[in-house]
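In what follows, structures are represented as structure tokens.
Next come two complexes, and both contain chain A; in the first it sits with chain B, in the second with chain C.
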Partner chain A sequence: MSLRNHQSLRANMTGYAFISPFIVGFLAFTLIPMFISLYLSFTSYNLFTPPKWIGLGNFEKMFTSDPKYWNSIRVTFTYVLVGVPLRLIFALFVAMILNTKSRMVGTYRTMYYLPSIIGGSVAVSIMWRNIFSNDGIVNSLLSALGATPVKWFGDPNASLTMLITLSVWQFGSSMLIFLAGLKNISVEMYEASSVDGASPVRKFFSITLPLLSPIILFNLIMQTISAFMTFVPAYVISKGEGGPMDGTMLHSLYLFRQAFMFSNMGYAAAMAWVMLIMIAILTAILFLTSKYWVFYETEKGR
Partner chain B sequence: MAWKTFKWPIYHILVAALALLMLYPVFWMLFSSFKESRTIFVTASSLFPTEWIWQNYVTGWKGTSGYNFGTYILNSLTIVVIATIGAVISSSLIAFGFARLKFKGRNIWFALMMMTLMLPGDVVLVPQYIIFTKLGWVNTILPLVVPSFFGMPFFIFLMVQFIRTIPAELDEAATIDGCGKFRLYFRIILPLLKSSLATAAIFSFYWKWEDLLGPVLYLNSPEKYTVSIALKMFLDSESASNWGGMFAMSILSLVPVIAVFFAFQKQIVQGMSTSGLKG
Partner chain C sequence: MGKKGWFLIMAMLLVLTTACSGANSGGNSGASTDGKVKLRIAWWGSDTRHEYTQKVVDLYKQKNPNVTIDVEYASFDDYWKKLAPQAAANQLPDIVQMDISYISQYAKNGQLEDLAPYLNQKIQVADVNENVLKTGVIAGKQYGIPTGVNVLGFQYDPALLKKAGIDKIPDNWTWDQYKELALKAGSNKVYFDSSMAADIFFHYYLRTHGKSLYNAEGTGLGYDDDKLFVDFFGGLAELIKKGATPPPEIMNQTKGILEESDIVKGTGIGIWQWSNQYVGLQQVVNRPMALAPMFGPNMEKGVYMQPTMYWTVAARSQVKDEAAKFIDFWMNDVEANKLIKGERGVPISAKIKEAVAPELSEATKQVFDFVASMEPKASPMSPPPPVGSPEVIATLTDYIEQVNFGQMTAADAAVKFRADASTILANNKQ
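Moving on, here comes the complex of A and B:
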């Protein structure tokens, strides 16, 4: 063996030594579990008796004879398709009003980000449940304004609305990423367009949005994936039941119930795979269409 | 011009008002924790309690399943500390490998790592549960801490990004001086990586402290419960309607989270702005 080969072998071994924890973890906690999950999705398995191969049985049941599954898909898509855009619009709005040189901006940023930092906790879900309870503050406010109080836990649409408001309230991390992006847009751009007599609205649509589009894409993808996986608020707010009338039965919660309350491990695995495929398709669509709406400075600038 | 004079005061009033509106629910919970249980909803629209009831913190502390919150806090802390140490050490080693070492297949492994970053957790939820059950790890903290020792993709990505900003000349100089790769990692890169390590530790703290699904799946005897499960149990035993106690403990569970936030604001905001992958 030549000296050179020997050296590169050594370099490779050192490299693999450093990343070996990742490789082991990836195999043990991701890749092998994914294969197990794929196998289980074609079986009926309750954890106690060996898995029984049923072919496409789970998928057939899912698509033809489980209205609760379809409901969970509908609820989840509503949650994602309404919640994520609202959250991002709000995040961008706040980022824009905070993109000034005022000395108070640091304090404001902290105040607006705080809900997101505590957002994942059980405490906040409990709080949200109580704010929207029949005699909670939201209803007191509604009656004070002369509107009829809403039975947030009696109407499936109302309870989904409540979940969506909770997700919008936690807009902070997207806001910070937008803020970082806004700071990168050079002031000269805006000044030049002012000289040309552009209105603020015009500036927003022809400078801010295009230059921010890579960050919008990033936020959109990450937020969409995490929204599809939302579990804790639905679990806590509905006390694990997904009620009323399955109005808060998000996909993750339904999967959790199928797997761990009814011991339908095979069915839950099949659900997870269908969801993975749906998310992958959605992400692919976002990526593929992005070339029509995402603007990269380096491509056009020179 | 009149508008110029009024612009900033109006700006500050509007922005501060919106911020307070955002934080109102938190304040409401805080003050409700001092209200008498029966009056929390009757007086839902008024923020401040008429009478300050500190007793809620005493009754809440007792918990609902025979163990008090001291136990739950200790359990949560144990998990958080072990998992965080594991995540920070392993992720920094892996990140050094990806960012500084050349080896065959590096790009493929890095791409795989970025893919796991985007992989929805539900796909591995069931098989992981089965694996941990077969290993006999249920009702121990092992399923909640062991995976952290194999690197967290989010932290690895964060650290790789950071290490790439460290000039390569440092490595070369150290190598010429006869420094091996591990010494290079340990002596040169790791000390420079401090801020990234801190960011990772803070996020790890948040995720583990707030985690509910993991403890719900893997812990089933009350003496092992974490703060998250204990709070959830309060809600389940609503018949007792110890609202005051539940709010008091909810507030208590947020104290460490908020304290860490204020202590490391800058770090957190920077970590978020430069990578920002948290929900």
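Moving on, here comes the complex of A and C:
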């Protein structure tokens, strides 16, 4: 071994030593559990007796003889496909308002971001449940306006709507990212277009949206993935039952019930892997379509 | 490689391994040579329960200075999520509070100790009714000691009952009379009750017909005639439709919020539930209330004394003698039971029942009297629900929800439930 190699190995060893807590943690808490879960997805396992290999049995059950599984997929996709675009539109809308020059803008930004900080918490979900309860503020407002109060937890569609509203309300993190993107668009562009007589609407569609499209892509992907994994609000608001009539039975909640209430660990592991693959496919599709609508300034318009 | 590099890696490994072993030894408890004993005990419940249980634990420690006790408690839902992984890792606490719907699963998987050899040795059961003690027997072994007993009944507000045009709940009332009274209340704009928990009361109804929800082996349903299902759930759905009991939208809206329930708001007369839930309800309702027995015909065949919950000992425990001693203390110590005040059900020891009677609140006294009046009439309990029962119950609840929403007929639900439940329970066949 040459002296040079010897020295670099030695230098590297120190490096490895320093990152070893991460490596051990990654192996012990991420990689190995992932492979175990993959193995369990091909077994019948109830936590007490050793796992029993059943091949593709879990997947077969999932796709052919479990209507509740398909229902959870339907509910989850509704939640994601309606909730995420609404949330992004709302986030962009608020970001544009907060991008104006006003003295209170700092305070407003903090205020609007707050729901996202406390967003995933149980407390918010409980508050949300109270807001939409029989005598809650939403129903009081509806009665005051002369409309009939809605049984938000009684009707499967209404309770999913309520869940989506909650997700739209937690728009803060996407809003902040949009805000940063908006700040990056140079003022000269708008000034030049004003000289040419462009209307505000024209400016929005011809300048703001194209220049913001990479950020929209980023937000879209991040929010889609996190929306697929939503669990806490559905669990808290439906008291863990996904009701009424499985109207809020998100995939993650159904998985949780299978794993921890019915002790069907193998089945739950299989569900988790199918969801992982679904999210991967959807993300890939988003990336593939992005070249048709995402505009990068460095490409000079292509 | 240089000395420094190796040294660093060894140091890191040392830190990691000690951290890991630290985590392991935290879970192990056992007797050591100097006579000191360490017990771990776990239960679920409300804040009131946590408080007095801690006091009982402290009292035990005071009387047995060589014992230290680690307590673990949680809400009902969280409790089972914690317990299952502990069981899988062979780390169950020495004393585990066990629910009737889970005890089969834990017992059959070898997690629990057969306590029969401890009876009348460490655990004195001379003052306990044989039938009550037997409720802890699964597959011939005494896996659990009941903490107390419960009995089903109707808990109601007599004044509101009068307002609804009903003088009193008739003695020996029947299922048909119940439906009549409920309709009468409904026509007077008061809800009679908030319907019945699907699994518990259907099981009761089946028992009055000499059947049960599960067969004795736990490998299938315990009834063949779907007409019983249709009569019971069809009858309840009919009451909802006619406004005698609240519609499912309202039930869903108020679920888990006692303050919004009809009986608390004064728009509902009563509620069907276990006797130990009466005291808590009485506190929130804050009006004079009463207890009535279940409806017949054949009430005596249907009604049974159910253990509120069990104390069980983990099979892997190193300190089983001490665990048994603690359970005995819980059952037979007067001072301890003056703290417990029957919160975990009416005490199973006759002597203790007598000793604590003067200490009880008015509501608790009502419960003790009610349970005492039911005890001679009750039939033996059916075997505890088999492995897979949580999934069966969830399935039943789902179908009944659809029936109540009017999206499915009771007849369809009966067939579908039979098919699903049979598939789930078939896994218990050896």
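Here, the second predicted complex is superposed on the first by the 299 of 302 C-alpha atoms of A that agree within 3 Å, B and C clash if a C-alpha of one lies under 4 Å from a C-alpha of the other, contacts with A are read in each partner's own complex, and residues count from 1 in each chain.
Everything that follows uses one rule, which is that contacts are C-beta pairs under 8 Å (C-beta built on N, C-alpha and C of every residue); 3 or more make two chains touch, one makes a residue touch a chain.
Since the model is a prediction, treat every value here as computed from it, not as a measurement.
With the two structures aligned on chain A, chain B clashes with chain C.
When the shared chain is aligned, chain C comes close enough to touch A:Pro244, but chain B does not.
When both complexes are overlaid on chain A, the residue A:Ser226 reaches chain B alone and has no touch with chain C. Judged by the number of chain A residues each one touches, B leads among chain B and chain C. Judged by the touch definition given at the top, the superposed model places A:Leu209 against neither chain B nor chain C.
When both complexes are overlaid on chain A, the residue A:Asp135 reaches chain B and chain C alike.
Contact with neither chain B nor chain C is seen for A:Leu286 once the two complexes are overlaid on the shared chain. In the superposed model, A:Val24 lies in contact with both chain B and chain C. In the superposition on chain A, A:Asp155 contacts chain C only, with no contact to chain B. In the superposition on chain A, A:Trp169 makes contact with chain B only, not with chain C. Remark: of the candidate stretches 7-15, 25-33, 43-51 or 61-69 in chain B, the one overlapping chain C after superposition on chain A is 61-69. When the two complexes are superposed on chain A, the residues of chain A that touch both chain B and chain C are 13-14, 16-17, 21, 24, 47, 133, 135, 239, 260. Here chain B touches chain A in the complex through residues 8, 11-12, 15-16, 18-20, 22-23, 25-26, 28-29, 32, 40-42, 44-45, 90, 93-94, 96-98, 101-104, 106, 109, 112-113, 116, 118-131, 133, 147, 149-151, 156, 181, 185, 206-207, 209-210, 212-213, 217, 227-228, 231-232, 234-236, 243, 246-247, 250-251, 253-254, 257-258, 261-262, 265, 268-269, 272-274, 276-279, going by the rule given at the top.
Interface residues of chain C facing chain A in the complex, by the touch rule stated above, are 1-2, 4-5, 8-9, 12, 16, 77, 80-81, 84-85, 87-88, 105-106, 109, 111, 247-257, 260, 388, 390-391, 394, 397-398, 401-402, 405, 407.
Chain A makes touch with chain B in their complex at residues 11-19, 21-26, 28-30, 32-34, 36-37, 40, 47, 94, 97-98, 100, 102, 104, 108-115, 117-124, 126-131, 133, 135-137, 140-141, 144, 169-170, 173-174, 176-177, 179-180, 219, 221-223, 225-229, 231-232, 235-236, 239, 251-252, 255-256, 259-260, 265, 268-269, 271-273, 275-276, 279, 283.
Those residues of chain A lying in contact with chain C across their complex are 9-10, 13-14, 16-17, 20-21, 24, 47-49, 68, 133-135, 151-155, 239-241, 243-246, 257, 260-264.
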